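There are structures below to look over.
In the two complexes below, chain A is the common chain; its partner is chain B in one and chain C in the other.
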Partner chain A sequence: MNFHDPASTAAQAEPVSALTQDRTPLIRFENVTKTFGSFTAISDLNLNIREREFFSLLGPSGCGKTTMMRLLAGFEEVTSGRILLDGQDLTGIPANRRPVNMMFQSYALFPHMSVAKNIGFGLKQERWKKSDIQDRVDEMLALVQLEDFADRKPHQLSGGQMQRVALARSLAKKPKVLLLDEPLGALDKKLREETQFQLMDVQDRLGLTFIIVTHDQDEAMTVSSRIAVMKAGKLLQTDTPARIYEHPASSYVADFIGNVNLINVELAGMDGELALARWDGGTRLAIRPQPEDVLTPGARKTLVLRPEKIHVTKDQPAEAPNVNRVEGTVEEISYTGSASTFLVRLDGGQLIRAQEANRLLTSRREVDWNDRVWLSWRAGACVLVDA
Partner chain B sequence: MSTSGPRRLLILLPYLWLGLFFLVPFLIVIKIALSDSVTASPPYAPTFSLDEGLAGLRAAFAALDFENFVWLAEDGIYLKAYLNSVKVAAIATLLTLMIGYPVAYAMAKAPQDWRKTLLLLVILPFWTSFLIRIYAWIGILKNEGFLNLTLMKLGLIDQPLAIMHTEIAVYIGIVYSYLPFMILPLYASLERIDGRLLEAAEDLGCSAFAAFRQITLPLSLPGVVAGCFLVFIPAIGEFVIPDLLGGSGTLMIGKTLWLEFFSNRDWGVAAAVAIVLLTILIVPIVLFQRHQQKHQEELG
Partner chain C sequence: MIRRFNMFNLTSLTFGLAFLYLPLLLVVIYSFNDSRLVTVWGGFSTKWYGIVLNNEAYLAAAWITLRIAFVSATLATVLGTLSAVVMVRMGRFPGRTLFSGMIYAPLVMPEVVTGLSLLLLFVAIGLDRGFWTITIAHATFAMCYASVVVSSRLASFDRSLEDAALDLGCTPFSAFRQVTLPVIAPAVISAWLLSFTLSLDDLVIATFTSGPGSTTLPMKLYSSVRLGVSPEINALSSMLIGIVTLGVIAASLINRRQERRQQQDTRAAAAAA
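Let's turn to the complex of A and B:
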């Protein structure tokens, strides 16, 4: 088996969870390129999104994720390649005739219309009967729990309420696909978490396909069935949140999602099932390799080690072939309530970030600034990516 | 909450200004409107003076009456002049709106770095005297003027078009002069409309025209109302344009006022005309203020 090749990840049949298996793709991006003048926003991109997926496009600003969404909505046309929705080529179909609706960043509610008028707007364009519009609007208001706000104007609503109106408006026409552009970006943290679960609940109840654009990795991890990590108009990895986090395809993906220690190592050989690697000429590390890893002795690799996989102790842990142990001095401790993060300077000079859940009260914590500590992690708790 | 002495003085200053330069002159105009016309200097009577003591003042007050207003009501020409002024102002406002809206729309849709230049072009005429610009129109519109000569050279007409000294010339003058007052508030309200609203409308199934009708137009309504009032209110009392471009047949209240004041030297009737004009204008001005206030509140 080969290592994940970032460019072809999307085209391959990736290992996915049972949730997303055996479904023909609802949306296909086929060799899609989009340029604005001399700037290439999307570069020869292939992507399949299946029905009923909650799919996230994740990346830093300018990576092309918003362009992907605007291509799907019909606000931009592809420069080359094509996009298929349910087998139908979308090229040349204007935005107002695509069975796709969008929930806009900062909502774009019509300020001169009541909540009910906003929600019924799309239905009115399709010349629905007044009573039918009324029924659907009521249904949508119930869905987002805003029954009492039908006659309010947008400027009389709170941020969270506006967000729900925007959601109801974009769902009223029962689109095949709902696009959400940074849907929770304008909400404060607590409300954002609540709303994430509401979104998942709505998506599940209506059985729709949601595509969400976000730069917030926590949000993407929480809501999505699959995440596509983008950079400079390309897909780096398309996978389930757990695989993106625990088996990143590259050090870029590893670094983009969550905190990570990236350790440059040189492969030394095998010890039974475990791969052995040399770290900066000194320490030997044991790694449980993935089936797809290509392990050539002498090859330079990057070890991806998440801080929470590292154990911090004052006593030296017992020796075992599948446990890695290093010693160092605590340089910094940052306290975030549920956990504490330790910055530990190893004797070789490297800085390692380790995280421990605060199982005890901080006053009882045994590790303190400038203490000598042991860091240990199991061979199966880290993965190798190409350097 | 109490305000200290110097602060109170500062607040008093604008009131003092308004009282001295607005209220006092206005009271003088009212007084003249209630006086009788005489051949003297000043050409009205009575005049207040303290030479004859308190009794003299009382006599002067007793001599004031509403004779001039009765005169206005009895002579049909004033009513006709008022009505015609309203008509001319209303039609001119409509024409200004019809020309100004597309211009403002195009400006608001122009690329960002062009907008400042376009805005400058709209207010550029203000850098030339209003009077000179109206005189320039005489040069364009008169029988042997620029417009007629050009059209005749092109062979489009044989006889010069008689535009000068007609109501059409007055409309041209008013529309030309007041167009910036229409364009600027329209542009301000159109430019403020979030482009994403139109995308959202399109996303929900609107054609471009339907989106304009249902989103752009209602959202630009505050600009339409503001522009219309800004043109209509001064256009009613307009004097220079009908005087220079219009003919003797163009009856407008501003011109009537001028005639009463300078030709007839009947300051009393002229002052009465002015006061009635003011009361007519108060209605749209109050409506305008209420509209602005409501709009401000809606913006939150």
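Let's turn to the complex of A and C:
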């Protein structure tokens, strides 16, 4: 690649990071509010989704993520604000005339039609020629590897097959945006993981914009280029999976995504580049602050510390200015195959969750129940959020 | 649950069934009686069936009855399906309870009251009583039954099927025609069969709303009985029993097949989950 010619680099396939920046958004939510009677499902929400993104709406049930999707599909109308797709205001355009298709959580396959008829249904509505429909259906069947099932009825298919038919049907009309409502919720774990990669592959090959609604954080982390974490009709944070996981904007986001230790601290001052904070017991902790952090001495903050960033050892680790060390007793060990999680009661009474990859066989593990252990983590392994 | 047939269960069953069906059985048996005397067995014969089938008056009445049943069942099914869609789909709207109450009230309304009120209405608006007044009257009360049958199916209908059809480019009406209607078709058909049967054997409402030249079979039967029960009445009744039984069996078979398919789908979905 020639780095001195910006024109030719722009034509190359861009990395995901470039996709998430500096592009006119394909979809804009502008001050969108949706109420059902006295219940506010979405409140004054702004969001930009760019072309070719794999975007996740993540949140607990009732947070408004499904409503966002139904607003976009046209099954609900916004109460105020507007949604733009490719510059076009969608207000007043009914679901059947939007260049958006949806894959339903229940798959919603038409039970009285064969797989082929299901996939060709949208094309028939657009009055495509019979032979063209046939070609497109064949193409879609090949895409989801169901060539031999064209004449089956939905009830003769397995769950995974139904899911693939639903995907093929929603892609047949070449929508600008594909909406996926908990697409993998009904599949078992193994199949779900396989299907996640299939979805990413399809999205990549067709160059489409996918928006997925899910309450499963692992799924969102795996498939998305960006994730929007929602709570009670509001967006809490919109960012790449890594940013969301490692630099959560609030303790709620930190707690919602993965396991976490949330430690309440009081800022004490600075030691060179490191911020010093006091923990309840008086323990001094060193934290490498983020550029955007506002550090007022005496301010109460919450320290976000992921379990896998903590090292569990029997021997006291060497002292260093950028290493935090605390001592405690192992209360519980939970074994999950690839890793073990230790629940450690500190001498000050606090419970800390630490995770170690099982590099050795469990029988060789040196830390056991009720052992005295040292927990240590580096100043750069944790972040501060507002308490 | 007691699954074995013990003496008590067997006796209750026998008595219950006898209570329900012995009178009907007697009618059917005596319709094959060779004797003119209704209550004296004179040997097996099918001659009364032949006589009934050659009786012009009976045939004319039967023809009218079938036409009324056909037209009113069709009307009732269309109206009942529409009202069921509104009831199940519209969710909560002002006056919903009142509306649903008004749809189902005629189910428990005494037939005499229904018949009388319809008669008053037809007289008031100056409609000549005959084929159409009976048809409208039958459609009116059969519609409630049709509505109950269809709405119970619609209640378990997956709404996202319709959303999917809209999403793929259907207008609301074509989504209903191409997706909803085919899926609920068995319920609609059994609603039609039920309405057809109800119209076929109605006497009270037909009596109130009929006019000259529109005597239905049950009316004809009833007026003949007042002159004395003849063996040909038994034959006619047996034929009616046969038709109604077939209708009810067909309706329940269709319903059962649909339930089985639904169960299959649910099982498949559960297996997939």
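In this section, the second predicted complex is superposed on the first by the 369 of 387 C-alpha atoms of A that agree within 3 Å, B and C clash if a C-alpha of one lies under 4 Å from a C-alpha of the other, contacts with A are read in each partner's own complex, and residues count from 1 in each chain.
Quick note on the criterion: a contact is a pair of C-beta atoms (placed from the backbone, for glycine too) under 8 Å apart; a residue touches a chain by one contact, two chains touch by 3 or more.
As the structure is a prediction and not an experimental result, all values here were calculated from the model.
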Checklist entry - Quick one: chain B and chain C on chain A, clash or fit? => result clash
Checklist entry - Can A:75 be said to touch chain B (first), chain C (second), both, or neither? => result both
Checklist entry - Should A:159 be classified as contacting the first partner (chain B), the second (chain C), both, or neither? => result second
Checklist entry - Who does A:186 touch here: chain B (first), chain C (second), both, or neither? => result second
Next on the checklist: In the overlaid three-chain picture, which partner chain does A:126 touch, first (chain B) or second (chain C), both, or neither?
Outcome noted: both
Item to check | First (chain B), second (chain C), both or neither touched by A:298 | outcome: neither
Checklist entry - Looking at the overlay, what does A:104 touch: chain B (first), chain C (second), both, or neither? => result both
Item to check | chain B or chain C, by number of chain A residues touched | outcome: C
Next on the checklist: On the A-aligned overlay, A:96 touches which partner chain: chain B = first, chain C = second, or both, or neither?
Outcome noted: both
Next on the checklist: Contact-wise, after the overlay, does A:173 reach chain B, chain C, both or neither (first, second, both, neither)?
Outcome noted: both
Checklist entry - Which of the two partners, first being chain B and second being chain C, lies in contact with A:272: first, second, both, or neither? => result neither
Next on the checklist: I'd like to check the shared interface: which positions of chain A are touched by both chain B and chain C across the two complexes?
Outcome noted: 73-75, 94-97, 100-102, 104-106, 108, 110-112, 121-122, 125-126, 155, 169-170, 173
Item to check | chain C - residues contacting chain A, complex | outcome: 158, 160-161, 163-171, 174, 179, 182-183, 261, 264-265, 268-269, 271-273
Checklist entry - Tell me, which parts of chain A touch chain B in their complex? => result 73-75, 94-97, 100-102, 104-106, 108, 110-112, 121-122, 125-126, 153, 155, 169-170, 173
Item to check | Touch list for chain A against partner chain C, complex | outcome: 73-75, 94-97, 100-102, 104-106, 108, 110-112, 121-122, 125-126, 154-155, 157-160, 162, 169-170, 173, 186-187
Checklist entry - Across the complex, what residues on chain B touch chain A? => result 194, 196-197, 199-207, 210, 214-215, 218-219, 298-300
